[in-house]
C-alpha cells in the first residue's frame, strides 16, 4: 500500500573545480498511485537515476519534497522508508550465500528466524531459485547474470516493502534474458500488487511494462502518460522521437490555403525538388487555421505511411534505400526530398525494391503537428 | 551546509578520528614542539629554558654535525642510485621467460625480510676483516690483480676502517634491496607485450627497447620508489648503530643525522640540541624530496591508467 | 609468450645464477657459522661447513641471551597488539577516506599522505617527552598504543582497496537497514580480507623488526624484545662468540621466514601493489 508523491523536486549538484553547477533534476512533479507500475524513461544522463535515488534516500533532496502515503520522507533514512531497490549491477554481497543475501535485510530488522526462512523459501520458489538447481547456498560468484538478477529481485521481495525501486535492472543481461526477466518482473508486479518505480533508458521496456511512463530529458519531465497515450499523443517533438521504434518521421513545411477553406501541408524542400504536399481534412484544417502560412512540423509514425497507397491526392514519392525484413513486418528506409524516412509495413513484397521509387500514402488522421519554435505538439 | 552534509561530515570525522588523534599527537604536536625545544635548553628532566637561536649557532660550529650531515647525504646519494640500478637490473633479468622465476624472486626478496638486528649482526660478521666471508671472496681476485700489476692491494677491514665503513653499510643495504625488485618486476609485468612486439617490428634492438619502452613505462614506479628510498635512507639508524656495536664507527664514519639525534637526546639528554638536529633532518628530507619531485615530474611518463 | 622473445640469452642465465648464489651466501654463512664450534669460526681460510653441526649452539645462544622466552613473549605480544590495532584502526580510518563523502575529506587525505614524509627520528624527542609526561616510559604502552591510531601508509593501502569495492554494495546495505558502522563491519571488512591480511603481515614485520622504538622507550631488561636482547648479547660478551650470535640471529629471523613462506602469495602481491599504486 503505497502512494508516492513527488513535489517540486530538485537535485542540484553544486559547482566544483572544473565543473559548473549541474541541475540533475529540475522541478519534477508527479504522483505514483498505489500498485502502479511507473517507469521513468529518458536518454542517459537525464536524471532518472538521481530521481530514483532521492526516493530511496540515497541522494539528498536539494529542494522540494517526496511523500510516501502522505508522509514527507525527505529526512527519513533509507532503511526506514520501507522501500526496496534492485540495482543495475545487482549489488549482491559477494561474501554471503544467496540465502543470506536475501535474509540479511530481514535479520537486521529482527524478523524471527522461522519467518525469514519461510519468506526466503517462498521468494526463491517464485523466482525459480530452488528448481531445477537449489541455488540458496551458492555464492553470487557462482551464478549467471540472470540468476543474480533474480536473487536481487528476491532480496527485494522478501522485505515486502511498500514500494520497489528498479534502476536499469536488465541492462546487464543479454537480449534473451532481458525479455524473460522483463515478463518476470511484470508478473511479479501483478502477483505482489505493490507500487513499483522502474528506471530505464530503453523505451521498449518502458512501453511493455509500464502502467504509466514519465519521460525525462535534461532533468525536466517532458510528459507523463500511459504507454499508448504517449505513443499516439506525444506532448512534444522529443517524446515523439524518443518513444517508438523505429522512430516517428518528421517533415517540416508550411500550411497553405487550399480548396474550400481547407489547408494543405507543403513540405519545405530545396529549390528544384518536388515537395511532399498533402491536403488536410476539414476538421484538422479548422484546428490548425491559426497556423495558416506558418511553419509546422508534421509527425507520422512509420506504420502510418502506406506504400503503394491509392489514397486520394496525398502521396509522397521516395526512393528506397534499405529494406529490413523483420519477419512479421518490414522496415523500409526511404529518401525523399532532403531527408530520410521510414515506413513500416506488414506487406513483404518489397524485398527487391532497393533503388526503386515508391508512392507512399500518409494516414493523416494519425498525424501529429508540432510547433517548430516551442517543439510542443499542437493540441487537438 | 545542509543537514545531510553536516551528517556526512560528522560521520566522516568519526571514522577518521583515530588518525586525527594520531596526527595531532605524533605528527603535528612533535613538529611544533620540536621548533620550541630547539630554541631551548631542554633535558626532559627539567622544564625547557629559552635560549634563542643558541642551539643553531652551536650546530653551525659543530664539526660533528657537519660530519653527520655529510655522511647522511653521501650515503643517500650513493646508496640510492646503486640499489635502484641493481634492483631494476635484477627485475629486468627476472622478467624473462626463465625457469624458476618465482624461486629467484624469492631469493632476491628474502634478505629484505631480515630484521635490522639480525641483518646488522650478520653483516658485522660478513664484513669482518680477517675472517669475514666478503674478504675471503675478494682476496683471490686481489691476489690475481696484485700478481699481474705488481700492486699491493689488501682486502679492507671494512668496519674498522674510516674509509670503508660507509661502503660496508652500502653493501649491507644492497643485499636487502629485494622489495624494490619485487615492485619493479610487477611494474615490468604490467608493460603490455604488444609494445615490445610493435617495437621489434620496427627493428629495434633489446637495449633500445629497454630505453624507449621499459624505462618510460616503469618511470612512475621508479619515481615513487626513489622518493620512498630517500625518506628511508635519510633516517637510517638501526643498522649502522648495531654494525658499530652501538656507536658511530671509526672516525665517526657511520655517524648519521638520526644517530646524532639519538646520541644527543638519549646519551647526553640534550633534547634542545637534538630537536634542532631533528628539524635539520626534516628540512633535508623535505628539500631532497622536493628536488626529486621537481626533476622527477618532468621525466616521469604517466600512462593514462 | 612470443616465440621471438622466449629465448633467454645465456649470459642472462649465468648472471641470474651468480647473483642468486651471491644473495643466498650470507644466509648460508649465517647458518653454517651458527653450527660451528667456536674455534672453527676463526679458521683461516674459512671452512664452508662445520665438521660436525653443533646443534647445541642454539640452546646455548638462548641461554647466553638470558630470558630468551621472555623476550620472545614480549616481541610476540607487541606484534600481536600492533597488528590488531593497526588493522582495525587503519581500516576504520580508510573507510572514512574512501566510502564516505564529506567536506574536507580530500584535504585531510592530502595531509595524511604528507605525514608519510615525517620519519620517526624527526619527531622522537617530543614523543618521548609526551610519553614521559604520561608516565609511560619503561612500559609497553608507547610501543603499541599508537598502533590504534592508524598508520598513514596502511590507511593509504586500504583506501585504495576500499575504493575498488562497488558503491552499490554500501547502498544496498543501507537500504537493507545497515548503519554506517555495520556496513563497515559486515560488508566492507569481509570483502577486504586480502588487503587486511597484507596490512597485518606488514605490521607484524615492522613491529618484530623494530629496534629504535624499544631502544628508547623500554628501560628494564625483563621488558626487552628479541631485538634488544640480541643487541645486548652482542654488546656484553667479549671475544665475540660468532657461533652464538649467528644462532641467535637465525632464531630472530626464523619466525619472519616462516610467516613469509606461509603467506608468500599475499605477501609478494602486497609488496607489488604498494609500489604500483
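Order as written gives the chain letters A, B and C; numbering starts at 1 within each chain.
The working rule: a residue touches a chain if its C-beta (ideal position, glycine included) is under 8 Å from a C-beta of that chain, and two chains touch if they have at least 3 such contacts.
Every value quoted in this text rests on a predicted model; they were computed, and no experiment measured them.
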Contact graph of the chains (line, ring, star, complete, other): complete
Chain pair with the higher count of C-beta pairs in contact (B-C, A-C): B-C
Chain with minimal offset from the mean of all protein Cα atoms: C
Between chain A and chain B, centroid-to-centroid distance (C-alpha), Å: 62
Geometric centre distance via CA averages, chain C-chain A, whole Å: 57
For chain B paired with chain C, centre-to-centre distance based on mean C-alpha positions, whole Å: 17
Of all residues in chain B, the ones touching two or more other chains: 5
Complex contacts: residues of chain A adjacent to chain B: 60, 75
Residues on chain A engaged by chain C in the complex (per definition of touch): 56-58, 77-79, 83-85, 87-95, 104-105, 108-109, 155, 159
Chain B-facing residues of chain C, complex: 1-2, 4-6, 8, 12-13, 15-16, 19-20, 23-27, 29-30, 33, 41-46, 89, 92-93, 95-97, 100-105, 108, 111-112, 115-130, 132, 146, 148-150, 152, 155, 180, 184, 205, 208-209, 211-212, 216, 226-227, 230-231, 234-235, 242, 245-246, 248-250, 252-253, 256-257, 260, 264, 268, 271-276
Partner chain C, residues of chain B touching it in the complex: 1, 5, 8-9, 11-16, 18-23, 25-27, 29-31, 33-34, 37, 44, 90, 93-94, 96-98, 104-111, 113-118, 121-126, 130-131, 133, 136, 175, 178-180, 182-187, 190, 193, 196-197, 200, 221, 224-225, 231-232, 234-235, 237-238, 241-242, 245-246, 257-258, 261-262, 265-266, 271, 274-275, 278-279, 281-282, 285-286, 289
Residues of chain C that touch chain A when the two form their complex: 166, 168-169, 171-178, 182, 187, 190-191
